[in-house]
Structure formats: structure tokens, C-alpha cells
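For reference, chains read A, B, C, D and E in written order, and residue numbers begin at 1 within each chain.
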Amino acid sequence: MIVTALAVPFVIGLLLMVGRARVSGPVAAAIGAAAMTVSLLLYALVWEGRDVVSGEVDTSWIEPLGARLHLGVTAVSWPFLLMTAFIGVLCCLWLVARDTAPALVGLVLVISASSLGVFSSLDLLLFFVFFELALIPMWFVIAWFGTGDGTRRAATRFLLFTVAGSALVLVGIVVIGLDGGLQVDETVTGSLAAAVLVCLGFAVKTPIVPLHTWLPDAHSTAPTVGSVLLAAVFLKLGTYGLILFAPLMDRFADVAPYLAIAGVVGIVWSGFACYGQDDLKRLVAYSSIGHMGFVVLAISTRSDVGLAAAVFGSVAHGLITGLLFFTAGSLKDRFGTASMAAIGRGLYGRTPWLAVTFVLAAVASLGLPGLAGFWGELLSLRAAYEIGDVLTKPVAWTALALALVGVALTTAYFVRAIRLVAQGEPVEQDADRDLDRREAVVLGALVVAVLVLGLWPAPILDLFEPFTVVAGVAR
Amino acid sequence: MSRRWIYVALTAALATAASIWAVPRLDEPGWFAYVGQGGAGDGPPLPSLSPDLFLYPVSAQVVLLAVGVGLLVQIYSTAYLGHHPRYRSYALIIILFLVGMIAVVGTTNLWVLLVGWEVMGLCSYLLIGHEWQTAEARAGAAKAFLVTRVADLGLLLAILVIGETYGTYDIVGAQIASSQDGVASSTAIGLLVLVAVVGKSAQFPLQTWLPDAMPGPTPITALIHAATMVAAGVYLAARLFPFYADSTVVLTAMAVVAGITMLMGALFALVQTDLKRALAWSTVSQLAFMFAAIAAGDPEAGTDHLISHGVFKALLFLGCGCLMHAVGSSALAAMGGLRRSMPATFWTMSIGFAALAGVIPTVGFFTKDSVLHAIEQSAGEDGGLATGTTYVLLGVALVTSFVTAAYATRLWLRAFFGPVPDGRQEHHGHEAPRAMIGPLVVLAVATFALSIGQPFHLGIGVVGTVIAAGGIAVVVWSWRGGSTLEWTTRPLTAELGLDRPFTSWAPAFARGVSRTVVDLDRDGVDVYPRAGAGVAGLTSRALELVQTRNVQRYATVIAVGVLVLVVAAVIWT
Amino acid sequence: MNIPIDWSLVAPAVIVMVGALVALLVDAFYPRRTWLGSGLPSTGALVVAGVLAHVHRDDIGRLSFALVAIILVGSLFVVVASNIMNFETAMPPGEFHFLLMSAAAGAVLMVVARDLVTLVISLELLSLPSIALVGLRQGDKVAIRSAWTFFLASVVSTAITLMGISLLYGVTGSLDYVEIREALASPEVPQSVVAVAVVLTLVGLLFKLGAVPFHVWIPDTYVGTSVMVAGFLSAVSKAAALGALLILVNVAFPYAYGTWQPLLAVVAAVTMTIGNIGALRQSDAIGLLAWSSIAQAGFLIAPSVALLTTEGLTAPVQYLAVYALANLVAFAALSVVLRLRGSTRIDELKGMVRTDPWMGIPLVFAALTLAGFPPAVIGLVTKYVVIRPVVDSDHVWLAVVMGVNVMLGLAYYLRLVVTLCDQPDGEPYVSPSPPVSVRIAKTTVLLGTAGLIALSAWPDLLLRHLP
Amino acid sequence: MTLTEIVFLVFAVIAVGSALLSMTSGQLVHAALWLVVTLGAVAGCFVLMTAEFVAWVQVLVYVGSVVVLVIFALMLTRQPSGARSAEVTGNRWVAAVLGAAAAIGLGATMVAGFGGEQIEGRRIGTAGSIGDALFNDWVLPFEILSGVLLAALIGAIVISRSGSDR
Amino acid sequence: MPLLYPLVLASALFGIGLYGVLARRNAVMMLLGVELMLNAVNLNLVAFDAWFADVVHSGQVLTLFTITLAAAEIGLGLAIILALFRALRTVDVDEVGR
């Protein structure tokens, strides 16, 4: 089942790329949406409960290295998988527009599918293969379909940063593989080098300050679906990697304090950076760094609450940032730029529904209780408060304090953005146009998801309650 | 027109439902403290949002106050704001606000409470910014949201601490646990709660957002920034009182905050030239009164004053709305002499001012009396505040009563009596439509009706009445003496510059730091990849320099390489 | 001491050498000098040699057999793909095949050599024909200049190696690997002399591998010579050098551990870094591949820090196999490109995946394999394979350098890949009606690519059977 | 100090001196001839170290053929115009340093490793004994060497043909 | 006879040869430098051979081989130099490299 769920988007994505001349953009997008929906449904159906590995596939692959084709869905990966497939569907739906290039749909499918592969892998080498697989397609998405100057440069920066990180992860995987094998459910290592390398590697991907400088450029130049995939899915590869690897490494404890502090410094740093942004997409990109900071803080506690926080935070961030980027994309489609100064004030009056969606997304992103963004942040604060088993009290509580400052800053910069764009005396522009049906469907779906998860966090939190859940990964 | 009534009907339905739920519980005995059996779990569970509705009599009162005022405001708004192009969102947000308020008051699940709490904050933000074309509204909204949200982090942490301490996020459950295992972490919880309520209820030092929220539509001010949301801070402090009741530190801190705020708010209200702003400061001051009661160990007195204040302050604000409707401004200078042209407003607002000043037999008198009594009583009791603190607090409260009576009188006189300002024609002031007067009347009636059954404490009551009378008398005497009552005492009119940290320092700091961060992010943090790329590029160029096709140079490179390797090998073996 | 000729060991080399002579003779006496005339005996000899090697694989030893197999298959690939040069009047086919086969024989002998004399002489048997091959294209000034560069650098490093060997002889009194090991085991040998001797001896092999600082000849030579000869140098010649290095160090120098291990580690790290950095600014695909092959040499050397363990021996060979195949595919494809379009500048390749997918996709796949990037899983897996022994021998720093270099490498492979995938600038000039020989070369490329794809699908295939 | 040693030292001085002259001489033909002297002196050293056969081969191969070849090459490749100011390149200082470093380094290594050892000269390297060793023990390299020579020959032919006909 | 004599002589010749390779302008003379280096090696080998009184004469045999290799190298090298001269009309390394 998992294999089918992975193969369908992969194959269809490749076919779309090969046969890009034979289909029109909207048709390709529709096909893509159908493929991702199939994947989504399969992943939803494969679930057998949190105490077992669902839909496990385990066959031999590279015997001499101990690598196996080991796929399965666990309580930790399931939310990621569903979120990714969901975002994939929405990206395809978003592309149901006249000017879509079929190749872009194909790339989106391949990227989504390989991300799904990452989340489904229970073998470290397989994990890594999927991890790398999506990068070059993403390069194309940014460089070819991006807008603005320097798309190539941004794409290459993105790729090189990520690969530098993942190369370190590869070395880390080697260390782990030598110590305990490559199977996630069996291996454990006592090596400090592994912990440092893996954390550093995923820190680039997540990204954690100061390894984040690739992110704003990549996000701001990428096309809308590219930004969405980058933020909603790609950053999760980093956090998921940390979640997956943290329990495998005994010496994670030595790295965790640095991780935690870097994470919260990132929250504050990105908060200030956002406060000074004019470009909406850059702003959202920086805000992602902040949100990832919360997730990293949660992971670095290596506690059960932290795990729940990290999973919830990642998923919620995926949805909310997806929403934000889709909104920013809508604006960019209209005005040709995401610069707040160029978009002008008073969107409340000019394009009310778009403005309302933006405000809702912003409010969700700043972690208002009752919306999805809140629970992840809350739980990581709680995880920090409870300290967990690897941090010390001074570190954890310093992190907590900084994170709180970050929350305040997040509010500040989103309020500023709302003030600059949504409010104010409206100056009509020719491009003012409220949501069309396609946009309404995509944004609506995300709004609903954000509201549902915000008001009913149980579907995800129940996976981690009570904390005895092991389900293959979380220990 | 009829479309507007849909929202009123919706509000009414909500109000009815809430009433059906709340009214039966008004008479049940019991205060927030819960004594019962049952055990708590091992650790706090992950948060959930099960509603866990549960009403005590006090919370039932607050619910009724909220929905009542909400309904009245909704009705009032049909006339006041009915022609506004964005009436729909306005009305809907009010309903959302009421839901949030009911959630805060009606649940025992701390997370639901927090959600409601924040939803209220959001609605407040959106409604203050309703007139988002104007710069003041935008600024006020942003400030209100930011200040309250920062303070709300205190509540968030408080909830976490409660959960950790008692193993549950249910207030009742936590109370059970505390009654069984004893109270713990009370100082931490109390201080965090204090932070939250100081923000939400605009207490010192976070008081400035409330006056700045006045660009919001006046009905909203009446509902949110007078009767319900800001009072929710008091409600919360009272609700969670059992968890920190034994911490002198917390109570003292609260007393200090309350003392400073009440006097400061009253003094500021005394010198305002804008009626609405004056009322806002008055609200700040009155909220501090309630906190004083809680600090004195009698949260019940605080919540009683909450209810009464909610009623008469809503009345005052709605009346203020009528005046603004009439003269098109909330400046006192634009008013004056409206007594004749707007009799209904005049009479109802007079009742409101009387209640504010604490004149018998308005409900304001009785509940203020209770508060003063509570403070007086707490002196000398074991636990709680030190006796000295109590007496200082009592003194401040009495002074504040005096000032309160004074400014209430001043506002009343200036709005309704003084000379008609030059620019305005006499006939220009006209009575408000019925949909606006109706709610005023209802509230005025309630101002008296709620007095029924209120306790009266003879000693302090007499003292309070005398002081209030003194305040009124001084102002009236001054008015009679020909004063225009335009008191412009510089430090007070500038509100002591307490606003400056929020309006200039913090934004300037944030802007400065953010500019630095943005620059650093571009040029500083990015140095290592850029330097790396630069080094790689230079090395690459250098390598090209070696590749000259001159074989002799190649041989030299090889020879040097061998030499280096040999030397290195000899050294390390 | 008696060194009898072990025919089972040298049979493949002899066959190859015989093939070389036959090719030369056929060419000399067959009236019409065609490519096939000398090419067929060469092909046949390589196949027979392969079969013979397979028959005697137990005598040869798994490791040497794997290396011999790589060398033979690589040579075969070169011989077949070199058909692209058919009808080039400047290229004398008989001599070409003779020299190529001689070099191949030298390469085979290098990995089966078990004493330093044989090693040096087979090294020369590889070098001298290679040098001649580089300068073979008649009347080509660049080619002859490249040959000169290659020649002088080569003889200098040979002289240095011989000096090392003479010192080694002085220290141990023997030139046989096993006896050298035994002599070095004694604590009385003067360590500093051993250090000097070992370093100098390894220089020749590192030179052939193109390790920094002995890499200087590579870019000029590869760019200056015919594409397939460059392919031969980058694949077969390196395979021989690496094999000889592994066996020499493993058999003869285990006790000089302290000398060569840090040496190789540092050289590997510097080599891959310099190679990658050098490739960054190349505008010609051949130049890019030349520098990249320097970088890959670093990856080949790196696991030898652990070559006293089984994995340290096998990992580089596995990496080598994939590297050689990918490199040959790339060079062969580029030779086709050069033939049809007249240039291998990267700009010239723009959009080839769209205009000529049968050459574009193999190039992309080969580049991805060399970069170690999915979907070329085998590239990634072999990167993993070479990092493993490095980590296992506690050279984590080197592993990190390797990781960083994966990133650096991607920087330019990516450029190649995206240029190939890009929208072409108008219709490129393609020479019309390519002859059959081009089709043969194309087929080789496709076969090689198919091999890479198969390995990517089942990496087990390689890792389990080699060596 | 025995006579052998004295003779050896004389040869050594001649070898080094003529090598230096050869490598620095401005006249190419002179340089080649100085090299002949060096190689001859080295052959003398071989004889003193009991390697008679090697010494003869040295004289035959080097002095007899290689140097003749070199002189021909020098003549064939004479520059059309004698505008050359010096026969050494700008690289000479680096070269001198490296050459000195190599000589001193190697010398130091030798001293460190083999100081105080004596050559006894018990086994004379006659043609017979060398032949025995060559064809009993070193057949394989010997055979390979034939391949090397052939390949070099063919290579030399085909390359020297290059450029002549076009 | 002390073993050091030939060894030190070899070192000196090797250094001089290296200098020749790196400094001579004429390609042929560079080749001669290489020959000097190889001769140094030969001296070493012969000296060690004599010192060990090697039964199989490894050193002397390798010396013979080296001489042969040197001849092969010089043959090929001169061929290349001639071709170079024909192609570029010069054997000046600086000019060739240009």
C-alpha cells in the first residue's frame, strides 16, 4: 500500500515531465491532484493504530551494508505524511490555471512523492536517498519557474546549503550504521560525532540560525507552489530528521543544549528580521525560521511532550505557512511583487476575502490559541518548562524565556504586516481582484484545516497520549 | 435595515441560551473554591479542548452581564453603526467575542479558557481597528493587541505551572488536588496570573493601551473595554485566587499595582479633555479597585464590583456614544449644554455618573462600599497582606474615591451644563434614536435594580459617602466659582509620560534592532557562505594560474609537493 | 629467491599484449587500414583476457580480479567507443589499438605485480603508450603539447618513485612485497629512511591517480587529447594505479602504517577539495570532467586510510567501478558530442536532454552518479561505501571533508546537469548523417548508462559481487 | 683510506663537477658532452662497486647511443634564430633551492640510515651472475620490458611521423 | 669502501638532475636532467646491491631495467620533442607553454 502510495505520484510525475508537450497545464494539474489524492487516501487508509508500524514493507536491498527497503508508517510519521500529501493535493489544485507548465506539475509530484518517501522510510540509507531525491527537482522549480532576479542563484544556494547539510548527515548515518545498523527501530549509537554531524546537518535543512541564509532567497524567488513545498514540506524533512534521529543517539544530550539555544535564538532573530521586512514572502520565510525554532526547542528536550510538540508544530506550520504562502502567492500573482509597499494599504477594502484570509493566516501563524499554530508552540514551551531528560534547567528556562520574547515579536511583526497591507486608507489598483474559485478552494481547504486542528488538536495529540507510545520510532 | 436585525437576533439567541443555562445557577451556594473528593492523575495530560462547562454563581452573573450588555450593544449598534459598510463583520465579531467571553467564564478547562481569552483579545483588536482607515485606530489596535498578547504569555505559563503542579489542566481538578495535597507553587502561579491580568485589565504598568483603544466604535468600548473583556482579568484573578491566596508576595504585588493604578487612573481621568478617554481612565481606575479587593483577600467583593461597574460603565460609554452621535466628537470642549437637547441621555448618564461617584442608592455605591470594607477587614488578618500595606491601600482607595467623585462630577458638569460651544448651534444637539436610548434606559434601571439585596457596611459606608460627597462638593464649588474645570496640570495631562515606553521606546528599539538584524543577516551571518564561495573562487583562479601549460612549472609543483610530503612524513614518524 | 612466472596470474595480460601485436600486424599487412581491422582483434583479446581472468580468478585473488575486470571492461569500453574516431585520417588505427592494448596490458600487470620491479616496469608499460596515445592525433599541436606535458611530468615522477624504490631496497634488501613487509616489521629499520622511501615510492602511483600535488598534468592532458583517450586515462589508468597502490600498501607497507596513513588522508582531503574547486570555473565539459576526476581521485584514496581492513580494501574498488563506468559514459557521450557538434563547451550542450535525449540523459545520469546524487542511487551508495571505512578508522574529520566535497562537487555537476536540461538556444549545429561508427559509440554509451541505471536499482549487484 | 676509495672519490668529484657543468652550460652541445663525462664517471663508480656488467651497459647504452641521439636531437631542434640570451629559465632560483633541498635531504636520509656501513664487495656483478639472476628470477619483468621497448618504439615512430606529412 | 660515498654522490646527482629539469630552457636538456636523476637511482641500487651482496642481484637487475627504461623514455621523449619542434618551431619550454 505504501509502495503504491509512493509509486503513483512518482510515476505520474515522471510521465508528466516526459509527456509535457502532450498535455495542457490544467489537465496535468488535475491529473496530479488526482494522483496526490490517491496517495493521501492510501496513507490515510494504511493506518493500523499507533502501537504498530502500519503498512510495513521490509525487503532486502543492499545486504552488504545492512540497508533494507524498509517502509512503514508510525505515529510520528503519519501526521507528516498526511500533511505532505494534503499539501501536495493543494499545490496541484493551485496549478489548475491556464498558464501552468505541465513539467512544473510533474516536478511538484516528484518532490511530494520523495518527501513522502522520507517520512515513510524506516531505513536510514533509504531515508537519505529520498532526502536527496527531491533536491534537484526543487532546484528546477525555483530556478525555472521562480520569479524575480537571481532565481538561479537562489536555487543554487538552496541546493548547496542543503547538500552541505545532508552530506554531514550522510557521514552521521555512516557512523550510526557502523555502530548499530541502519534500521531505525534497532539501531542506537553512542558516538558524539554522529550526534554533532546529524544535528548540524539537519540544522541546515530546518534551518537553524545561523545556517538559515539560504532560506529567504529561495522562498522569495520560488514560485508559489515552490515556496509552499519548501516551507510546508522541505523544512519538515529537517525537523522530522531530528525527531527520527534524536532517540538513536545517546550523545544527543551533548548537542541538545546548543540546539535548543540556537533554536530560540533563531526565534528571536527571525522575529527581528521579520519586523524589518518589506517583502511578504521573505517575511513569511523568516517567520518559518522562528516556528522551526520552536520545533527544534521541543526536539532538543527529547521528552515525550517535546515529541508531541515537534510533530504538532511541524504539521501546523506546514498548514499555516502553506496558507500564508498561497496568500502571498495570490498577491504576487496580482501585483507582480510581494513587496508590501508596492501592494499598498487597505486590502480590507480592496480585496476583502483575500485580506481576511491573510489576516487569519497571520493570526494563526502568530500562535493564537484556537488555531493550529498554538498547540505546537504551547507544547514546546511546556517541554522546555518541564526540561526533559537532556537539558539542564538554566538552559531550558533561558530557552523558554527567549522563546516567549519570540512570541511577542511574532505578534509584533504580523501586526505590523496587517497594518501595512490589510489596514489603511485603500488606494485602488488595477490589479485588485478578489479570490477566484481556484484560490478560494485551496485557501479554504487550508483555513478549514487550520481551524480544525486548532479547535480539535486531539487527532494528532491522541497519537502521543499516554506517552507510552513507542510505535517503532519514538522511544 | 432588517439585515441588521439578523445579527441582533443571533445575539439574542445566544443571550437567551446563555441565560437559560446561567440563571438557574445564580442561586446555588458556593464560591469558586471547590472542596470535594477524587484524585488527580500522574502527570498533566496533553492539552485538549473538551468544553468542560461549569458555572458558579459568580460566573453565571458574569455570563449574564456579558450577554446582557452584548445584546444591548448589538441593538444600540443597529442605530449607531447600522449604515457602516462593514456592519456585517462588526456584528459577527461581537458575537464571536461573546462566545469567547462565555468560554472564559463558563469553562473549567484552562485551555478552553485560554482560547476564549485570546479570542477576546483578537476580537478586541479587530474591533478597535474597525475604522482601519484612520491611523489612530490602527495604532490603537496594534498596541492593544501587542500589550495584551505579551501579557497573556503570563497566563500561558501560569497554566503550564498549574498543570505541572496539580497534574491537570482542569480548574476544578486542580482545586481538588490543591485541597488534598496542599497548595504549591503559589507565588509563581500568582505572579504569572498577575502579569496576565495586568495586561488584560490595563493595570499599571501596562495601562496605556486602554485609553488608546478609544478610536474603536463606542459600543465596542462599552462592551469590551469597559464591561466585559477588561473585567475578565478581574474575573480570572478571582477564579484562580485559591491557587495563590496564601502567597503574600503575590497579594502585595497586586495591592501595589492596584493602589498605583487606581489613583493614577482617577487623576488622569480628572484632567482629560476628552470624555471618552476620561471614561477609559476611569475604567482603569475602577478595575484597580476590584484588584484591590482581591488583593485584600475578598475576591467576591471584587467580582461584585465587576458586575456593577460593568453595568454603569457600559451605560456611561453608550451614553457617551449618544453624545458623540450628537456632536460628532468626543471632546468635552465640543459638548456642554446638552442637558436640554438630549434629556434621556442626560438622565441616564447622570445615573451612571452617580454610580461611578458612589452615590447611594446606585449599585456603584454598594459594591464600592464592599470593596472598601473588604480592605478594611483584611487588616490584621493572618496571611494575606501585611497590616501596613492594607492601611496604605485603604488610604489610597479613599483618596481615589474622592477623586472619582470629583471627576465624575466634572465630566457630568462639563458635558451637560456648561455653555454651548461657539461652533455648535443649539439645535444641533438632538436626541439619539430609540434603538440607542433603549439600552441606556435598561442599563440605568439595572443600576438601581442591582442594588437590591446588596450589603451595607455602616462605618466604611458613611466614610465613603462623606468622601464622595466631598469630592462632588469640591468640584461643584469650583464650578460655581466660575471655573471652567479645564485643569491642565502638565504632568497629569501628559499622563506622566508612562505611554512613552510603548509608543516610542519599544517600537524604536524594535526598529533599530530589526534594522541591525536585517543588515547582519545579509552581511554578517551570510559571511561564511560568501567567504567560502569567495575562497573557492579565488582558489579556483589560483589553480588556473598554475595551469600555465608550462611543464617546468608543473614539474616544480610536483617537486615541491614531494618535498613537503617527505618532510611531513619524516616529522610525523 | 625464485620468482617463477605464474601464468595463471599473467595470462590475461599476455593475451592483451598478444592482442596488441595482432592488431598492429593486421593493420600493417591488411591493405585497407580500417578501424575494424585492428579493432576486432583488440576487442577479441580483451574478451578472451576477461574470460581467462575469470577462470583464474581464484589464483588472482578476489581483489586483483575485481581490478583486472574493471580494467578490462574499461578498456573494452574505450576500444568500442573509440570507433567514433573511425575515418579520422589523423588517427592511425593500428597504432592506436596497439598502444591502447599495451597500456591495458600494463594496467593489468600493475595490479597483479607482487614485486617492485614488475610494478615499475608495468607502470612504464602503462605510461609510455599512454603518452604516445595522447600525442597520437597527427598534426595536432595541442595534442603534442599535451603529450609533452604528460611525458615530462610522468618521467619526473617515475624518477622520484625509482629513488624511493632504491631507498626501500636499501632498507629492506629486497624488492618483493612480502619480503619488504617482513623486513619492515623489524623495529631496527631506520624509520626516517622508511618514511622517505615510502613517500617517494607512492609518488608514482599518486601521480597516475592524479592526486594533488601531482595532478597538474591532468587538465592539460585531458583537454588536449582525444576524448576517448582522456576517458582511458581517467578510468583504466586510474584503476591500475589505485589497484597497485592498494595492493602495494596492503601487502608491503602494513608496518609503515604511521607514514602512509596520515599521508594518504591528507592527500585525499586536499585532492578532492582542490579538484572540486578547480572544476568550478571550467567552461569546457572535458576540462570539468578532468578536474572532477582529480576530485574523484581524492574519494578513491580516502578509504585507503583503512586499507589494512577488508573494507578499506574493497570500498575503493567498489567506488572505482562505478566511477570508471560513469566517467567512461560521460567521456564517450562527449566524444559523440564533439564529433557531431564540434565542441564540448558546456554552453554548447545546452538543452541536449530535449534535443538529443539519447545522449543528454546518459550525460545527466553520469554526472549525477559522479556527484553521488539520486536518482543515481549507486553514486550515493558508493559515496556511503567509501565514507564507511574512513569513519570506521576514526578519521571523522576526513569523512566530514568528504561530505563537504560532495557539496562542492554538486556545485559544478549541477551546472552541467541544468545546462543539459535547459531550454536550447535555437537549433544547435549537428553534423548531418552520422556514420555507423557514431552509432556504435552511442550504443556503448547507452549500454553503460543502462548498467548505471541497473546498478542504481539494485546496488546489491555491485556491492555483493565486487570484489 | 684505500685506493678504491680514493679512486671512487675522484670519480665522484668528476661526476658531480661535470654534472654541474652540464646542467649550467650555455652551450647545448657542451652540456651534452659534459653529461657524457658524468655518465662515464658513474660507470667508473659502478666498476668500483663490483657491478662490472652494469658499468658496461651504462657505457654502451648511455655514452654509446643515448648521448648520440641527444646530440642529434639538439642539432635537429636548433632554434631558427639564435636570439636566446640564456639557456636557463626564470625558474632557476626555485630550481636551485629545490635541487639543493633534494640533494641535502636525500644526503641526510642516507647519513641517517646508512652511516658507517661498509661495502665489502663479495659478489661481483659479472655478466654471468647477472644473466643468471635475470633469467632465473626476473624473467617476467624482463619480458614486460620488451613490451615497453616495443611500445615506446612504436610510439616514438608514430609520434615523430606526426606533423611531417601535413 | 663506505656505503655513504656512492649514496651521497647519488643524492648530489639527483639534486643536480632535478635542478636541470626545473631550470633548463631547452626541452632536450630537461630530458638530460631526468637522465641524471635516473643515474642517481642506479648508483643507489648498485651500491645497495654491493652492500647486501645480493644473491639475486635485485639491485643490479633493476639498474639494468632502469637503464633500459631510460632509453625507452628518452626515445619517446626525443620523438615528442621533435614533433613539438616541428609543430611549434621551438623547444623552449616557455615558448611551448605559451
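As a convention for this text, a residue touches a chain if its C-beta (ideal position, glycine included) is under 8 Å from a C-beta of that chain, and two chains touch if they have at least 3 such contacts.
Computed from a predicted structure; not experimentally measured.
*Asks:* Along touching chains only, what is the step distance from subunit C to subunit E?
*Replies:* Each step joins two touching chains, and the minimum needed here is 1.
*Asks:* If we define chain centres by averaging CA atoms, which chain lands farthest from subunit C? Would you check?
*Replies:* Result for the farthest chain: B.
*Asks:* Please name the chain that ends up farthest from subunit A once chain centres are defined by their CA atoms averaged.
*Replies:* The most remote chain is D.
*Asks:* By CA centroids, point me to the most central chain in this structure.
*Replies:* A
*Asks:* When all chain pairs are ranked by how many C-beta pairs they have in contact, which pair ranks first?
*Replies:* The largest set of C-beta contacts joins the chains D-E.
*Asks:* Report the inter-centroid distance (CA atoms only) between subunit B and subunit C in whole Å.
*Replies:* Computed from C-alpha means, the inter-chain centre distance equals 77 Å.
*Asks:* Report the inter-chain centroid distance for subunit A and subunit E in whole angstrom, where each centroid is the mean of the CA atoms.
*Replies:* So the centroids are 65 Å from each other.
*Asks:* If you average the CA atoms of subunit A and of subunit C, how far apart do the two points sit, in angstrom?
*Replies:* 43
*Asks:* Determine the centre-to-centre distance between subunit B and subunit D, using the mean Cα coordinates as centres, and give it in whole Å.
*Replies:* 99
*Asks:* For subunit E, write out the residues touching at least two other chains, lowest number first.
*Replies:* Each of 7, 14, 17-18, 21-23, 27, 30-31, 47, 49, 51, 54-56, 58, 61, 65, 69, 72-73, 76, 80-81, 83, 87, 93-94, 96 in subunit E touches at least two other chains.
*Asks:* Using the touch rule from the top of the page, what residues of subunit C touch 2 or more other chains?
*Replies:* In subunit C, residues 1, 117, 121, 124, 128, 131-132, 135, 139, 144-145, 147-148, 152, 156, 160, 163, 167, 170, 192, 196 touch at least two other chains, as defined above.
*Asks:* Going by the contact rule already set, what residues in subunit D reach two or more other chains?
*Replies:* Only 89, 91, 94-95, 98, 101-102, 105-106, 109-110, 114, 136-138, 141, 145, 148, 152, 155-156, 159, 162-163 qualify.
*Asks:* Chain contact topology under the given definition, line, ring, star, complete or other?
*Replies:* other
*Asks:* Show me, using the given definition of touch, all chain pairs that touch one another.
*Replies:* Chain-chain contacts present: A-B, A-C, B-C, B-D, B-E, C-D, C-E, D-E.
*Asks:* Can you list the residues on subunit C that touch subunit E in the complex?
*Replies:* My answer: residues 1, 116-117, 120-121, 124, 128, 131-132, 135, 139, 141, 144-145, 147-148, 151-152, 155-156, 158-160, 162-163, 165-167, 169-170, 173-175.
*Asks:* Going by the contact rule set out above, which residues of subunit A touch subunit B in the complex?
*Replies:* 157, 161, 209-210, 212-214, 216, 269, 272-277, 305, 308, 346, 348-349, 363, 366, 368-370, 375, 378-379, 381-382, 385-386, 404, 407-409, 411-412, 415-416, 419, 422-426, 455-458, 461, 464-466
*Asks:* Please output the residues of subunit E touching subunit B within their complex, sorted ascending.
*Replies:* 18, 21-23, 30, 93-94, 96-98
*Asks:* In the complex of these two chains, what residues of subunit D are touching subunit B?
*Replies:* 89, 91, 94-95, 98, 101-102, 105
*Asks:* Which residues of subunit C touch subunit B in the complex?
*Replies:* So the residues of subunit C touching subunit B come out as 145, 148-149, 152-153, 156-157, 160, 191-192, 194-196, 198-200, 203, 207, 212-214, 216-217, 219-220, 258-259, 262-263, 266-267, 274, 277-278, 280-281, 408.
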